[in-house]
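Here come two complexes built around chain A, the first alongside chain B, the second alongside chain C.
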Partner chain A sequence: MATVLGVSAHYHDAAACLVRDGAVVAAVQQERISRVKNDASFPAAAIAQCLRIADVDPGAIDRAVFYEQPFAKLERVMRSTLTTFPHGLSGFVAGMARQLGGRVFVLDHLREHLGLSRDQVMAVPHHQSHAASAYLVSGAEPAAVLVVDGVGENETTSIWHGTGGALVPRYTQPFPDSLGLFYAAITAYLGFAVNEGEYKVMGLAAFGQPRLEEEFAAFITVHDDGSVTLDRDTFLHMVHPTRAFGPRLEQRLGPARPFGRPWRLFDPADAHYADVAATAQAVLETALLRLARTAHRLCGDADTLCLAGGVALNVRAVRRVLDEGPFHEVFVAPAAGDAGGAMGAALLGAQDLGDDVQRPLADAALGAPADAARAQAVAASLGFAVARPSDLLGQAARVLDDGGLLAVCRGRSEWGPRALGHRSLLARPRPAAVQDRINAQVKRREPFRPLAPVTTRDAFDGYFGGRCDKLQRFMTVTNPATAKARRDCPAALHVDGTARAQLVEAASDPWLTGLLARTAEPVLLNTSLNAAGEPICDAVEDALLFLMRHRVAALVVDDLWIERGRR
Partner chain B sequence: MSLWRRLVARLRTVGDLVGFFVRQNRLFFVPMLLVLLAAGVLLMLTGGLSYVAPFVYTLF
Partner chain C sequence: MSLIFGALTRLFAPFVWSSPRRAARMVHGFAHAERASVIDMQQAARHTPSPARAAQYLRHAADEWRHAQLFARLAHKLDAARSGPVHVDTEHLYDTLGEASFLAFVHMGEQRGRAQFDAHLAHLAGRAPLPGRPRAVIRGVLRDEHQHAAYTGALLDELEPRRGGLVARMARRQLWRQWLRAGRALSSGLYLVTGGLLYVLCAPLFTLLRPRG
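Our next item is the complex of A and B:
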């Protein structure tokens, strides 16, 4: 019966997760508190938040677990430098400065921060953290686990056999051949920020045609088992600290797209970039599908595939694995990227101390609860109108049916990159122009970015095809839209006729299912509550700031109805 | 925690790191690592990395 803290930090998406007696009790990403998107710094605030939520004193922590082994990572940096000598020297200097500047001493930092002894702090392998974050909360037994990301210590892809709560390694692909780093390089080529713009590449892909297979074949080979070989002269992640690709990529695909240039998708130049995105997406899907088949072969008794690592956030690829792969079921945890590693690390630490940690994750609401009393006080000081309506759901439904945008900040915040109705911006999903309005006026982002629908189990099949299972609870897969969806909720569909639909059930979220029962259609548009370039709101102050700066009808904080108009 | 205890903890970690490379049969990394660590300590003692960092590249 242990209290274990898991931590991820120093690369991207720093986070903390607290597991008590084998159950996840709190999980918070540092960016939600620091308000710095993808914040990678040591997550002191996230740790404090987790301890506060669980009402745990730092002295009560039995073990703290870091999600990666710093010595093994350092060894890879040094080995890589020797392998590529003398080309990798600039990368080596930058890498060593980062490693010796703090990363190697991260366990010391963690120990000093929490006041723990040396034997209470440990590190687990990066890919094992990812694998645990999916398998141990999936509810599947046994399971095949596929981890695909940029790079961990040295692995870029790994397959694990999850059985009886243990993870047995079956396959690894080492650095530098990496599906995640390939996609990251294309992200950079298209003028997006790496570790942030990969979603944009996926969204852009639907506007293009995968017609550049021959060009791509010159720098990436996808083998029958799903492993990839990258051309060392095209991709620079082995030798350069900041550049993902070299001139050879531009010789093949044309000049890279300048960062920040506005998109005009019907312009031939941007249509070409959409084709690049479509081809990269097709390559990624092919590789992931083959890897799933390899996982099935290596873990013959498993009906379920658990996916983890940043690549598992590619919802289009997950759909293909589900439809065309050999597994009956696929599971993706709500935070599949590096933040999720904190949860995996905590679970592995608790398991090492003898706790039974294998239990399905019922809900992604693992962050801090909304503080309605605080919201009321701050809203009043700002001169906002605050009310506690007797029929809040009816009032919310009327606003939405009239075309208003409704911000909600209720209950505990979500774990992972998806807003699942606790820190969300809701809207009626028609007409189609609602999507453009939100993208242009609220999110201030590229016009091709899709928004997602949320609906109930009873209504799901009427609006969406494809299998409906655990994936839709955490919004980790796309579903094809039916004719009814194209008619009734066009603003929540992507241009390819699919949607990253969320399924909400009364048992886990009676408020949202209640609202869906009161609106004209049992489908709402649900997008994350955040301004352009900011992390999703967490505290009520963040939500009130959002209300202050955006044209939304009202903000709901638990049972409060807050409007910008003066009392 | 006192500076002295922190320094001792860091040195113990460096010892663990050297031990890690020895166990992995990566003995050839150890001199490289020690030179880099010594350079790192020297940089810190001589007034901070920010002044010296632009010249580190020229060392190679």
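Our next item is the complex of A and C:
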């Protein structure tokens, strides 16, 4: 019966997660509080938030667990840059500055910050944290666990056999051959920010054709078991921690796309970049599918595959693994990337202290609750119209049916990169132009970025195929749209006729299912409540700032209805 | 202190505006500062116990957000290559300083910004128009800076009626920050040299570890 804090930090997406008596009670990403997108700094604010939510004093923490082993990582940085002499010079200098600038001392920092003794602080391997964050909350027993990301301490891909709550390593691929870093390099080549723009590459891929296989074959080989070999002269992550690719990639694929240039997808130049994205996506899907087959072979008794690591956020690849892979079920946790490592670390720490930690994650609403009283007071001070309507759902449904955008900040905030109806922007999913309107006016982002639908269990199969309940709750897979969906909710579909559909149930979210029962169609468009380049809103002040800056009809904060400037 | 910043800006403005690339770099820096300010004001809005002050901080944040966008667009128009992401960071000023000191810090920052923008406007007056109409952009931002300086000054009077000492402390803090920045730049240079030397010394040993074949 322990209280354990898990922490991830210092690479990207710092987070904290609190597990009490084996159950996850709070999980918060640092970016949501600091308001710095993908904030990697030591998550002091996220830790404080978790403790506040669970009403736990730092002195009551039995153990704090960091999600990776700092000295093993330091060793890898040193080895990879020193063995590539003289090319690794700048990588050595930059990498050592990062490591010695705080990363290797993180366990001491954690101990001092929480006032714990040294033996109360531990570190677990990066990929094991990822594996635990998926397997232990999946509800599957036994399970094969596949972790694919950029790099942990030294592993870039690993397969684990989850059985009886334990994770047994079965396979690893070491640095520098990395599927995640390959995709990151293509992300950078296409003019997107690494560790942030990967999902843009996935969205862009649907606009292109995977016709550059021959060019790609010169720098990446996907083997039969799913492992990859990268050309050392094309990718630079071996010699530099932040530069993803070198001139060799541009010799093969043409000049890299400049950051920030507006996209014109029917322009031949941008069509070429879409083909690059499509080919990269095809390579990634092929590798992931082969890895899934390897996992099945190595964990023969498992019917379920748990996917974790940043690559597991690639919802198109997850669909292929589900449809074409050997497993009956696939599970991806809501925060599959590095933030999720905090949850895995906390669960492993609690397990080490004897708690039974194996229980399905029912809900991703693990952050701080919205404070409606505070929202009312601040909104009143802003001169906004604040009401508590007797039929809030009816009012919301009318606004949505009339084509209005509705911002929602209710209950606890979500864990992971998807807004699942607690910090969301909702809209009617038709006509198709709604998508362009939201992309251009509200989100101010690329025109090829899809928006996602949310619907109920009763309506789901009418609109979307390939339902997989484990994945639909957390929006971690794409689904093919039916003819009805193409007719009734075109704004929520991607150009390839798929959608990253969310399924809500009355038991877990009566508000959203109630709303879907009152709107003209039982499908709504659901996108995250954030402005361009900003993290998803967390506190009510963030939501009010969103309302101030964007043309939305109203903001719902729990039972409050807030409109701009009508008081 | 704002007088010093204004004078320095007047001194350097001709040099900066003589090259679109340099001007774009500076304006991109403005966008960065405004984005950081959005975060500071948002954090202040979350933490202040007063809903009325939270509302004022949110209005301020909304202005800064608009300024950041205007400056980012202007930088791009001055030099198309200057279109990189506007990275943001936070010093958690509200948490570190407390509300009164935070307000003093922001108030002084607004005054400093006003002095700098005034100097840029004075330099740009009567000169050939530049891409992106920087004068119009700066003039628009300057209006907001006046308002921000006024309301933060009024709030400061409310929270700390004898604000002289606080403002002096924040001025010292600002100087200390500049000193630390200079120290960081110097130590970075030293680190680059020693890191490079260490690499050259260690590498021969590690090349023995290099995989063969």
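General observations
The rule we apply is simple: the second predicted complex is superposed on the first by the 566 of 567 C-alpha atoms of A that agree within 3 Å, B and C clash if a C-alpha of one lies under 4 Å from a C-alpha of the other, contacts with A are read in each partner's own complex, and residues count from 1 in each chain.
In the analysis below, a residue touches a chain if its C-beta (ideal position, glycine included) is under 8 Å from a C-beta of that chain, and two chains touch if they have at least 3 such contacts.
These figures come from a predicted structure and were not determined experimentally.
Judged by the touch definition given at the top, the superposed model places A:59 against neither chain B nor chain C.
Contact comparison for chain A: of chain B and chain C, C touches the greater number of residues. In the superposition on chain A, A:300 contacts neither chain B nor chain C. Applying the stated contact rule after C-alpha superposition, one finds that A:565 touches neither chain B nor chain C. Contact with chain B, but none with chain C, is seen for A:105 once the two complexes are overlaid on the shared chain. By the touch criterion defined above, A:260 lies against chain C but remains apart from chain B after alignment on the C-alpha atoms of chain A. Touch criterion met: A:83 reaches chain C, while chain B stays clear of it.
In the superposition on chain A, contact is made by A:75 with chain B only, not with chain C.
The interface of chain A with chain B overlaps its interface with chain C at residues 78-79, 86, 89, 93, 96-97. In the complex of the two chains, the chain B residues touching chain A come out as 1, 6, 9-10, 12-13, 16-17, 20-21, 24, 26, 29, 32-33, 36-37, 40, 49, 53, 56-57, 60. Of all residues in chain A, only 71-72, 74-75, 78-79, 86, 89-90, 93, 96-97, 100-101, 104-105, 107-108, 111-112, 118 touch chain B in the complex they form. On the side of chain C, the complex with chain A involves touching residues 38-39, 42-43, 45-46, 51-52, 54-56, 58-59, 61-62, 65-66, 76, 81, 83-86, 88-90, 92, 191-192, 195-196, 198-200, 202-207, 209-211. Per the touch definition, chain A reaches chain C in the complex via residues 34-37, 45, 78-79, 81-86, 88-89, 92-93, 96-97, 193, 258-261, 374, 377-378, 380-382, 531, 533, 539, 541-542, 544-545, 548-549.
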